[in-house]
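You will see chain A twice below: alongside chain B first, and alongside chain C after that.
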Partner chain A sequence: MQKIYLSASFFFLSILGSFAQTATPKDTTTFRRRKLKLEEVNFVSSYYTQDGNNSAVTGGIGTEELTDVATNFDLTFTRSDAKNRAHTLNVAVGFDHYSSASSDLIDPTTISSASAADNRIYPSVQWSMRDQEKHYAVGAGLSLSTEYDYFSKGANVNFAKFSKDNNREFGVGLSAYLDTWTVIYPIELRTIETNGTRVDNPEAHGSKPRNTFNTSLSLAQVINKRLQLSLLLDLTYQQGQLGTLYQRVYFQDNSLDVERLPSSRFKVPVGVRAHYFVTDKLILRSFYRFYSDNWGIKAHTAELETPFKVTPFISLSPYYRFYAQSAADYFAGYQQHSPGERRYTSDYDLSKFTSHYAGLNFRITSVDGVFGIKKLNTLELRYGHYNRSNGLVSNTVSLAATLK
Partner chain B sequence: MTFLKSKILVLLVTGAGLASCQSVKEYNKMYLNDSEMVLSARKVQKTEMSFMQYREGASGANGGTSGGGCGCN
Partner chain C sequence: MNPDLAPRTGEKLYRRVQKLMGNRFELTILAEDEHRAATCLDAAVAEIQRIEAALTTFSDNSLTNQINAMAGIAPVQTSPEVYDLIVRSLRLSELTQGAFDITYGGVDKSLWNFDLHMKALPSPAVAKASVRLVNYRNVVLNPQDRSVFLREKGMRIGFGGIGKGYAAERSKAVLQKIGVKSGIVNAAGDLTAWGLQPNGEVWTIGIADPEAAHQPFSRLNITNMAVATSGNYEKYVVIDGKKYSHTINPKTGLPVTGVKSATIICPNAELADAMATPMMVMGVKVGLNLINQMKGIACVMIDDHNNVHCSDNIRLTV
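Right, the complex of A and B next:
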């Protein structure tokens, strides 16, 4: 009887042991999948230069010459959790160095004023989790941006629900930017005349808030094997110091003040993006947006990019963008505002204009590596020329690399 | 009235577009999964999207940010 018990016990233990032995490698595999893995490294560097003759700093006249060198670097990590959900962590940092001739005229008595050349640093971290079984994704992120006279803190959350066949995805995102702006007045307005003597202007000191709250809705839909589109709607509310306090406005009587704009703004842009794989070599990427806000600006944007696959790995994409906007209710040019107005600006970014932007994108991508560099997955070079109907002209050259 | 008509037209076009959708299986997504077909702006467009946001009155609904920088130069 004891032999039977012992035999049964050994048999039971051997079965348990066999489960244990099969379970162990499974755990190991799962553990391996759960490890955080560096999936992708992206590097983008750009050189931007512009010139025009409607600088807002000098009241709508004068040079708008500006150059900006921007560098962005981001790392994407991925891992799976015990429920087989895919987690993605993106850590990014951007660095801009710009020089602006017009900003140098905030205080022309100095050799070079604060904002004539400045640096901007903007780190961010973004997490997202995608559950393929339950067909949803969630995400959250934080960002900072700092430059000489401006500091911004940002946060966002987002949620997306997608269909079982992955052909439809609905997304909603909420974001907030809480910004602080150091007050800088043009040199001649830092003092005011009282009883025949010039005294310090109390408004020309301190800092002011500017907050932005945004809700984004999106619907992406596969139409057929070659066509997919997305609909996008943003609702953006801004409040606080929305006028730039070192931008001058000259009135009809030649008097002078800083730009005065309302303390709130509500923006509603609606966009549609459609991408169509026409032939094995040709793709159409199109985008249209209608924009409206409560400052009186209405705008249309239309873009078309046509990637042509020279080989399966190399594509050349000429592109064109047309933009047209109406003027803000508060805009008038140099010496065109009447002294009795409450809100005024001579910033030509808020004037009525049309613009054309055209260029070429070169892209080379290969899973085996580009130019013999095994980890270099994609390399892109992009040039664009921008021409605005009021004379502003700019050029941009960008280089992007993706390592996997 | 014109605005209402255009809204109805957009809804009709969108509705017709969505109604004509086909259920595409994963193994038939060779074209849709091509890297040029991604429904967002390219990473290399980051700088041009920033300057357009600053140099133009309109912004948003294009996958870019809607705040977080001065853009006042």
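Right, the complex of A and C next:
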């Protein structure tokens, strides 16, 4: 292994040192320099069109692109570190794919992870390093994000270890988000009454911190060609302003305040996910999660989705999710809190409830156009029924069409 | 946030790796869910399999083998697809002075054959004799009935130097047609990329180090662009201190020397695939002279002494 690394870095140095040289080794000689004819100069843009058969080949797509050709390319030399490990820095820099003449030696895991998608609208720096020989990867990142009522600074580190055959992967991630929320009070609480006059409520101004620290552990295992299992465990600790200051609570005596919740919360979701490929046409995707926090909420989520391919272009995907949670210790409904309590909320997301969501997704895709309509290449019909025990029932039907 | 209300999906990258046309194909697309991705990838794979069936020389009833079987005997009517591909191949042969040649399939391996243990080169006469049937000018086309005739008995055509790129280009077209806005089709190192990554960035492509094919020596950012690399990698022999590649010059029958790897960057995967190997055959000077006169195409070559040579439209940064 040591030897490989030496030759690779030698090669790198010799590339860097070689631009000044002009000596070219003798090429295989049977070919001569020659001046190209005009149609050969434009060979690339006319590649399909010159023989008049462009439509059959390009499907009307390729040629448009061909005319819009970038004239310059930037080529950047890469560095490997002393141990020949690949480093990537920044969301923009990562090896998505390689171009090489030899296919079998290409690392099958060259695509950058889709998790970077979240970073699109936020500035962030992400570094990662993957050691193919020792089967591990590490990464770290920093991020900033701003919305009208909060400012967030984030940092994360992660580590993953792969088995030799890549069938098992163990990952650990640590992250911290230090957020600042602008205080927004309900309008009637922005002033308070003292001695018969209304004065400004000093608590209704400024900003409050909310910090979140998270550890996540995951273990994914390909059991066999048909079954994939993964176990997920998260430990999350939050502290700071956790109540939402513009949510009102009405007491038994009809008095009013914003919700008050503890300044810390510890959450533990544990989940297991199993994908079973029954046949080429049918997949069973199941998921179960148990959630518990120190505000007294315990929750169970169970999901089953069974995408079924009726034909290569028509699919049916029934879907069901069950969710049940117990109430937070601090929850009571409208005018049910007694005025002496220290912590209170009437947010029904923190109440006891069960919910069922069942749906069906029907999709048609066609290369030549759905129902013979050339412009229409995907048609999707979704129906969903959601029923929450504390009163929320909804039915949704949506029709989505993708036009080319 | 209440876990029950968490968002479930966004557009993600989905990837399929599959052996197609005897090579490792890797298709990566941006899709909203796994099921939609699978449907799209199925359509792309079906297209590649269709092309494989038409172009393969491993099955007797493929159009390609029907043409070969009738070499020196009679013209064979072909499909528009195969006919057009042959037309483009012959134009590529003209452009590259025969460095690209689909009749290379007719090389006579009984006279001599490259192997990694050889100690001496064949004599120029023996080498020349081995490629006596290799000559794209002996492919006779008749646009009236789209027939193809190989003049000499024993001549054979094959699409090994262009088929993967063509399949990459076609499968990309199928994916775009069914609405896939972003993706990469990587046909064993000949790849074509379109659209943007999920993070809104263009794709970054690594170019393999000819000393270690799994390690990139450089990278570039592209979209709506194809990249193909040809190289000797581990497949070369050293005779009298000189490296000879397993790539054979179709005009002399001798192994190519002087160039370790050649990478072509242009908008079309078929063209990139077809041009990469001829760059090695033509050599640095003639090859880059050709590319520098053409518009919309770029080339990076590494010679036997590890010097990097680029076409004029490439800017180097370290």
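List of remarks:
In this section, the second predicted complex is superposed on the first by the 223 of 404 C-alpha atoms of A that agree within 3 Å, B and C clash if a C-alpha of one lies under 4 Å from a C-alpha of the other, contacts with A are read in each partner's own complex, and residues count from 1 in each chain.
Keep in mind that, in the parts below, a contact is a pair of C-beta atoms (placed from the backbone, for glycine too) under 8 Å apart; a residue touches a chain by one contact, two chains touch by 3 or more.
As the structure is a computational prediction, the values presented were derived from the model and not from experiment.
After overlaying the two complexes on the shared chain, residue contacts for A:Leu229 are found with chain B alone; chain C is out of touch. By the touch criterion defined above, A:Lys35 lies against chain C but remains apart from chain B after alignment on the C-alpha atoms of chain A. In the superposition on chain A, A:Ser143 makes contact with chain B only, while chain C stays out of contact range.
Of the two partner chains placed around the shared chain by superposition, neither chain B nor chain C is touched by A:Thr345. Looking at the shared chain after the overlay, A:Pro269 reaches both chain B and chain C. In the superposition on chain A, contact is made by A:Phe313 with chain C only, not with chain B. In the superposition on chain A, contact is made by A:Ser355 with both chain B and chain C.
Common to the chain B and chain C contact sets on chain A are residues 42, 44, 48, 50, 66, 68, 70, 72, 98, 100, 102-103, 120, 269, 283, 289, 291, 299, 301, 307, 309, 315, 317, 323, 325, 349-350, 355, 363, 365, 378, 402. Chain contact summary for the complex, chain B toward chain A: residues 14, 17-18, 20-26, 28-32, 34-40, 42-48, 50-52, 54-63, 65-70, 72-73.
Listed in rising order, the residues of chain C touching chain A in the complex are 2-5, 10-13, 15, 17, 23-24, 26, 28, 34-36, 38-40, 42-43, 46, 80-81, 84, 87-88, 91, 95, 97, 99, 169-170, 173-174, 176-179, 184, 186, 188-191, 193-194, 197-201, 203-209, 211-222, 224-225, 227-235, 249, 251-252, 254, 256-259, 261, 263, 265-268, 270-271, 276, 281-286, 289-290, 293-298, 300, 302-310, 313-318.
Per the touch definition, chain A reaches chain C in the complex via residues 4, 7-8, 11-12, 14-16, 18-19, 21, 23-36, 40-45, 47-48, 50-51, 53, 56-59, 61-62, 65-66, 68-78, 80, 84, 86, 91-108, 110-112, 114, 116-117, 119-120, 132, 269, 283, 289, 291, 299, 301, 307, 309, 312-313, 315, 317, 323, 325, 349-350, 355, 363, 365-367, 377-378, 402, 404. Contacts from chain A toward chain B in the complex involve residues 42, 44, 46, 48, 50, 66, 68, 70, 72, 98, 100, 102-103, 115, 118, 120, 122, 143, 145, 147, 149-150, 152, 154, 165-168, 175, 177, 179, 181, 212, 214, 216, 220-226, 228-234, 236, 238, 244, 246-247, 267, 269-271, 273, 275, 277, 283, 285, 287, 289, 291, 293, 295, 297, 299, 301, 307, 309, 315, 317, 323, 325, 328, 349-350, 355, 357, 361, 363, 365, 378, 380-382, 384, 386, 388, 392, 394, 396, 398-400, 402.
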